[in-house]
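After this come two complexes, each holding subunit A, first together with subunit B and then together with subunit C.
Right after this comes the complex of A and B.
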């Protein structure tokens, strides 16, 4: 969406490459140790862009829905980057907060556009185009069951996707998109599950309404921006009886420590679906993740076999 | 109705005063202890912060004592506090306790919410009684905080270490027992007087250290291993902005009138942090900038994994104001010896800085 926006305004967009180990370690060397992993990775990405561009765009996303806020780390992101990476190019930071009313939002977008053009109509056109692109992207994911990287690839027309083959089990992954789809951090979890002939479901494959109603069933009104992805998706998948749910979170994530616990307790109460929570950090080794994954899949398979035996 | 609450510094005395005047059944859990902490840590998700664990421990202990209504403060803030009530309720229900959970949204309902809640919990006492009870409790809180400010000064220079602490403990007990405004005033005057007459080292020119950081851990001595008194033993005068009475005064009364005690702090933080990051992160950065000239050093207290304070901590190290900051993360693994060693080293550093500064001043003359 932002890419369309800037390109419409005639800017060239440089997107940072996929995460590497170097990025993670460089990012973590800049901040205090107990900063959460996503922030460290983020800073690694910024560092990789330092010489490549004139501006870096880091919005402070305060809230995108009324009375639901994002976590502190997102709010402080532009300022924190400025503080720990003094050599970075000028940062384009705008504050997105729908609680302050539409006017505030429009002004923020306009202010952002002013860096590229003086013409307010051009900014308006660009944002409309960006919004269309975003809607198309959302629709691709929820209707066709694509993961965000797949959807982006499809939109830019890069690859033709092959239809999923026969499946052993259906596994739902819940967690923040920046963890699930980061192949380095999550140790290619999605790929590994698919290799083992499992069908993978992610929060983005549900519609907003499904997510919201599931969140409401467990905790009432959401408090965090990402609550729908974790609690909503978790509850939805637990109740629709998929074969297993894996909750992915990172060490030091404040909201997750609470939300994942709620999902965990729900899973324990339902006693129907196998649930595993994986906590990732920069020291997590691939071997450890793979072992736990294998054990988890074995458990699901055994459970399925037993159910069949009972039926017979 | 038996109401259970959790502790925060000496807040319980104020609440006890309310309950006594209103005749409501208050179940005061025992003061924070290792037992409270282990209970809280055992049943909390591991990644959660210390305030959550301790207050959960308090609530479990209150439930054990037979509380059937639990009151938890919450806020619309961006920190995890807003989510405490939901998670704690779930945990306590899973433990099999039966209770009614009331979450008091302080940032939305403000004073009126508090008054309404007190009225409800006291079985519909008259408005007059509710308000006068609240007022008396607040008077106690103000008295305690006034005495504590004096104690912070005396601790640094007293000749027999521990005198001020002893007096402070006695004062709190006396305030707790005070039954009317007259006694309360007398107690306050008496103890401030006594504190001023403690034998002091008149030569001493104590170092001044500001305590900044997260609300709960700066206010709850158990959670920071009584850091202020330890600093006092090292001959350091402690200053801190956060007091319950000061906080209440502003967020309940003055902010309505457009007076914000924090706007000065926020302004100071602007070059480094442009917006509120929830909790006390913005204030932490601002206070560093503000106090760089007047204090010798700052101690930044934060619970482990506290989100706003991590942001603040990352930003603070790059500000151009030159003042040493020691960050102490509080969690259930913290131990006294480790903290004391760090404090001693920090105080040594501050002393040598001051000496160096004085020397250059002499030469300059």
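Right after this comes the complex of A and C.
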């Protein structure tokens, strides 16, 4: 969406490359050890862009839903970046806060567009195009079951997706996209699951309505922004009886640890779907993740085999 | 006679178990890994060969434990399985009604929850190795006593002292402090056992539905003081099966049998001659991307058998070149 917006305004967009070990360590070196892993990774990405562009776009996403505010790390991202990466190119920071009303949002977008053009109509056109791109992206994921990286690849026409072959089990992953789709942080979890012939479902494949109603069923009104990705998706997949649900979170995230616990309790109550949560941090070795994943899949497959035997 | 070998290469010990086609244990070996997994697997093969009667025909081999991939390449395993599945399979065979398996080994500890003969949940210790065999060994060494004496002394304790078991660093300084205050060593030792059990239940066993029968296995189950502490904490009888230290290897052997029966292929077992081959292990840093993965490779006569350790498939995909 933002890529379309900037390109419509005639700017060239540079996106940071996939996370590497170097990015994680450089990002970590800029902040105190207690900072959560996603922020360290984020700063690593900013550092990788320092010499490559004239501006870095870092919105301060305060809220995207009524009366639900975002994690303080998100609110302060532009300011934090300015403080710890002084060599960074100028930062385009806008405040996105739907609680301040539509007018505030429009003003923020025009303010952003002003860096590239004086013509407000052009900004308007660019934002409409961006919104269309976003809708198409959402639609690709929820109707065709694509993951965000796949949806983006399809929109930019980069690769032809191969159809999934036979499947052992259907595994749903829940967690924030910045953890699930970061192959470095998640130790290629999706890839590993697919290699073992499993069908992988993620939160983005559900519609907003499905997510919201599932969250409401468990906790009533959501407390945190992006709670739907964990609680909503978790509850939805547990109730629709997929074979297994894996919750992915990073160490040190307060809301995540509570949300995962709620999903865990729900899973224990329903007793139909196997649930496992994996906590990742920068020192996590692949061995630990692989062993747990193997044991988890064995558990599901042995259980399925037993059920078939019972039926026969 | 048909037989199946299970090899469990853990961080501290290497276990071999040989079972016949009915799943009965024929032969077993328990070795210290001593940081040399390749040599120990080879040594174990030699010893197993000597123990087995001549007419035995090895029909399948499986490996498990943290060095399972490495061991699998050396012996030509038909199956490489994780420790959780292996342990569960072995225990279910011996104690079919089991509902909870507590396993404490050298470097890691696990809990496996079983209902109706199926694994329904499991937990493993995260980065922290507090409360595993290595720490107990280290403390016994510091107090200049064998691990058997450690257990005996701890069992004698009447008034155990409270030791902070959250973290080994704190546990050790707490132990030294209590020592310098004049508490009996036996009370400190049993206090440590209680602390480790508490730590285990609060970390690994957190949120798990622990129900009897509880089976305790792994090397640490040798320590009767820990068994007693666990029994007191859970307030239920703890079953320590015979060959509890071999459960991983037995499970692997049983799984090898299962695999061979269902696959109908011949075994990939390289034969006992694998113990005489000269394996060469080396590692290098991959420079293909900024991740600089450390790739380990195992080769024989200059021919690479396998590589692993990369974050991507670059090296694992092409062992031939």
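Side notes on the structure shown:
Just so we're on the same page, the second predicted complex is superposed on the first by the 312 of 312 C-alpha atoms of A that agree within 3 Å, B and C clash if a C-alpha of one lies under 4 Å from a C-alpha of the other, contacts with A are read in each partner's own complex, and residues count from 1 in each chain.
We take it that contacts are C-beta pairs under 8 Å (C-beta built on N, C-alpha and C of every residue); 3 or more make two chains touch, one makes a residue touch a chain.
Values in this document were obtained by computation on a predicted structure and should not be read as measured data.
After alignment on the shared subunit A, the placement of subunit B and subunit C results in a side-by-side fit free of clashes. When the two complexes are overlaid on their common chain A, residue A:219 makes contact with subunit B while staying clear of subunit C.
In the superposition on chain A, A:298 makes contact with subunit C only, while subunit B stays out of contact range.
Of the two partner chains placed by superposition, only subunit B is touched by A:260; subunit C is not. By the touch criterion defined above, A:86 reaches subunit B but does not reach subunit C. Shared-chain residue A:125: touches no atom of subunit B or subunit C. Shared-chain residue A:117: touches no atom of subunit B or subunit C.
Distance between subunit B and subunit C in the overlay is 7 Å (nearest C-alpha pair, rounded to whole angstrom). Comparing the two interfaces of subunit A, the one with subunit B and the one with subunit C have residues 261, 279 in common.
The part of subunit B that touches subunit A in the complex is made up of residues 45-49, 76, 78-80, 82-83, 86-87, 90-91, 94, 272-279, 281, 304-308, 310-315, 317-319, 327, 329. By the touch criterion stated above, subunit C contacts subunit A in their complex at residues 66, 81-85, 117-122, 124, 126-127, 207, 209, 289-292, 311-312. Every residue of subunit A that touches subunit B in the complex is listed here, in rising order: 31-32, 34-36, 60, 62, 67, 69-73, 75-76, 78-80, 82-84, 86, 93, 95, 219-220, 223-224, 251-258, 260-262, 265, 279.
Across the complex, subunit A meets subunit C through its residues 20-23, 183-184, 187-188, 261, 264, 268, 274, 279, 281, 283-284, 286-288, 291-292, 294-295, 298-299, 302-303, 306.
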